[in-house]
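Below: one structure, written as structure tokens.
Chain IDs A, B and C follow the sequence of writing; residue 1 opens each chain.
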Amino acid sequence: MTFLTDSFLSAILLIWTLNHDLLVIVGVSLKMSSISTFAAGLLGVPSGFLIAFSEFRGKRLVITLLNTLLALPTVVVGLFVYAFISRRGIFGTYDLLYTQKAIIIGQIILIVPIITTFTISAVSRIDDRYRKAALTLGANLMQTARVIIREARFAIMAAIVMAFGRVIAEVGISMMLGGNAKGFTRTMTTAMALEYDKGEFVLSVALGIVLLCVSFGVNVFCNYFQGRSRL
Amino acid sequence: MDCKRKVLNKRMGPAILIFLALLLLPLTAKGESKIIKMATTTSTENSGLLDVLIPEFTRETGIQVKVFAKGTGAALRDGMEGNVDVIFVHAKSREAVFVAQGYGAYRLDVMHNDFVIIGPAADPGKIEGMRDAAGAFRKIAAAKVKFISRGDDSGTHIKEQAIWKASGEALKTEATVIIKKSKKHALSFVYPVGLGKRYISIGQGMGKALTFAEEKQAYTLTDRGTFFKYKYGRKLGLNLEILCEGDPRLFNPYGVIPVSPKKHPHVKFASADRLAKWLVSTQAQALIGQYKIAGRQAFFPDAEPVAE
Amino acid sequence: MKPILYQLKNLVKAYDGRVVLDLKRLFLEKGKVIGLLGPNGAGKTTLLEILAFLLPPTSGEIWFKQEKVHLNVGKLMKLRRKVVLVQQQPLLFTTTVFKNVEFPLKVRKTPKGKRSRMVDELLDLVDMRSFRDADAHKLSGGQTQRVAIARALACSPEVVLLDEPMSSVDVENQVTLARIIHEISRQRGMSVVFTSHDVVQTSRLADDSIFLLDGKVAKSAYENIFSARIETVTGDHKFCTLPNGLQLKIKSEKTGPIRISIAPGELRLSPNTPKRSENTVKGKIVQLNEERIHVRALVDAEVPLNVLIPKESFNRYDTGIGDDVWVTCPVESIDIF
């Protein structure tokens, strides 16, 4: 049992002393997860909205595909992006591999399907009478879309928080595309994997505890934000 | 209760049977003592040498070996915790401590390969043809080019830190304090301050470090075997060259250590012992000497003949 | 006659091939309160949504104020801003009452100060001023209905369409709603079309009533509806047989089982055998009701027939309950479905 108490105490010590390495790692993790979640939200929410409200051939197929992509393993995304951006890939000249940009690209690919799918289901569940009400009250298409997104905002926010949880906890993409370079692309999860590889389990678990604390903080923040937006 | 059980039996009978059968599978496997677990380093596994040695050992003795490739630190850790029966690593000083603390039964020299400093063919650091590894590191630092460090506490990483220390470059020690056995314990490593952001510590295996170095067209320290495998063993060989080699400081001895049954009575010492002794036998030593990566000898047998 | 507001020509709305609305010709006059009557599934809501330009018809033409409506999105937006629909059991947006009523003003970019004043006026009109800052989702059915009407009136529309405003609303709210409908029609000069399935209520509120049955305009939607079968064909005329054997001459292209609806106001009642005896049945008056200008008689002529007779005509006949009468159903009074 000392192993767990050691890990817990180490986690407290790391946070208490504001360990520089830890701060950098947490900062990198938060920064990249936030950027990729934000970008994926900008892509995913409107596409989910469009898919939900337009009729086209193969719509069901698109939704089925998106649902399948929810189970996309991070390693597959990693390999896929790797093939494109490595020095020998078609985007090799941009020197993207093993940079934060590479991680962000991979993470966006990972979570756009999550946000899109959950946006589709969120806005589909909104009673069609809201759309008709907005239209008859004189709203144009954009204003109508805003009304529907407003009505679906809690479910969409939940999808975004979930997507954030997925990227901050993933290790495959960060490791394969970021390369775990200390101070640049080392995230909480790749740091954990590293400490495990080094046999430093205590530090690994301590980092895990810090990760959970950070995720908890983010969720509390989002809940607070949602609570306020109700008014 | 009876009723409930009936329902369970009827509906879940087959499922439970299958589940039990699945549970039994690993048990039967465990019952066979002809399988031992070996922790080794990623560079050893990446070199491909084990793919030659292990099947030969199994053919001869009927003992199967499960190989777990990790950083040296994690491999030693596996030995200390009794998760494996034998370790095969290349960090001599730490191996000595491992045996001295009673975790290892004994250590045998098996072979050595050597480290080389590799970098882009353009060689912006102008170290090509140098023998002095420390001097090469100094030039790399002065040339302000990228250097990839394993940064994973592996044998290669330990060797790299030793060379930086020898180079006389300004070093910085970074320590993380954690609690171990309820006491504060610092984990530390050193790195050259002069390189700044061009010193990239990736915390991954040798293979990844090589592809990382290629991607960034950077310098790195690697063992010769893994480098050959990546350079000549693939269709698209690594786009990096050996620029500095031959310094005795780059010498990299491998040792095999069966985990001591005194610390961990459950380990399969007899089989582990056979593996260790077999690795230093004339036959295995010959295999090691003949092993070539892309037509080049990668390992040099080191063992004194041991009487069985 | 007042100017025409809507004119529908050969308008059909079908979902997956199932026709829910089939209107050969329908005029709605401007400035009136018009009641759309019919049972559930008659197509009332569909018609309102088409009138609100929310739903494109499958085929046919819509004319709005003497102009043909082009069903492209850009122009519809303009028309939509002249017409507003209050849905059955309307949904308010998940925000305050004030913001709900403010919404139409906001999308029309009305200046902020003016908005607040207008919202307060409208909330006064529907007696909901005290709920100004309440959470819209916490209101009762009647209160929700009133806020929805205020929100609709904020559009300053020319036409207000109300879908079942009186259903699921208590009596007190019904009185308030009737007052509001009266006020927006008479004082604000808006045209009102509302749907209902309550004939009495509609006759009280509406200047005109239109009956819908199975997606078609009917002369009646509740009374004198019979299932029948077209069996005998004699020259140009067809006859249909009611279940009790009664035969009526009709005009129809159809054959086989049909439904007929006979307009109560177009039936002729006489105390003696009429000279022309086509489509005439003998029966007994079993019930009499006096309405505003009509007398409603229920005649048992083997089938129950509702007959609506102007008061003065009825008074001339000197007949009462229990008396024998002859009822003539002109071919034009029979609608076939």
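The rule we apply is simple: a residue touches a chain if its C-beta (ideal position, glycine included) is under 8 Å from a C-beta of that chain, and two chains touch if they have at least 3 such contacts.
Small disclaimer: the values here were computed from a predicted structure and weren't measured.
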Dominant interface by pair count is A-B
Report the chain ID whose CA centroid sits closest to the centroid of the full protein CA set. A
Gap in Å, rounded to a whole number, between the CA centres of subunit C and subunit A: 53
Starting from the mean Cα coordinates of subunit A and subunit B, work out the distance between those two points in Å. 34
Could you put a whole-Å number on the gap between the CA centroids of subunit B and subunit C? 85
If I count partner chains per residue in subunit A, which residues reach a count of at least 2? none
Spell out the part of subunit A that touches subunit C in their complex, as residue ranges. 127, 129-130, 132-141, 143, 147, 150-151
The residues of subunit B that touch subunit A in their complex are 70-71, 73-78, 151-153, 174, 176-182, 184, 187, 197, 200-205, 208, 212, 214-216, 236, 239
Would you tell me which residues of subunit A are touching subunit B in their complex? 2, 5-7, 9-10, 13-14, 17, 19, 21-22, 86-88, 97-98, 175, 179-184, 186, 190-191, 194, 196-203, 206
Within the complex, which stretch of subunit C touches subunit A? 49, 52, 54, 73, 77, 80-81, 83-85, 87, 90-91, 93-94, 103-104, 107-108, 151-152, 154-155
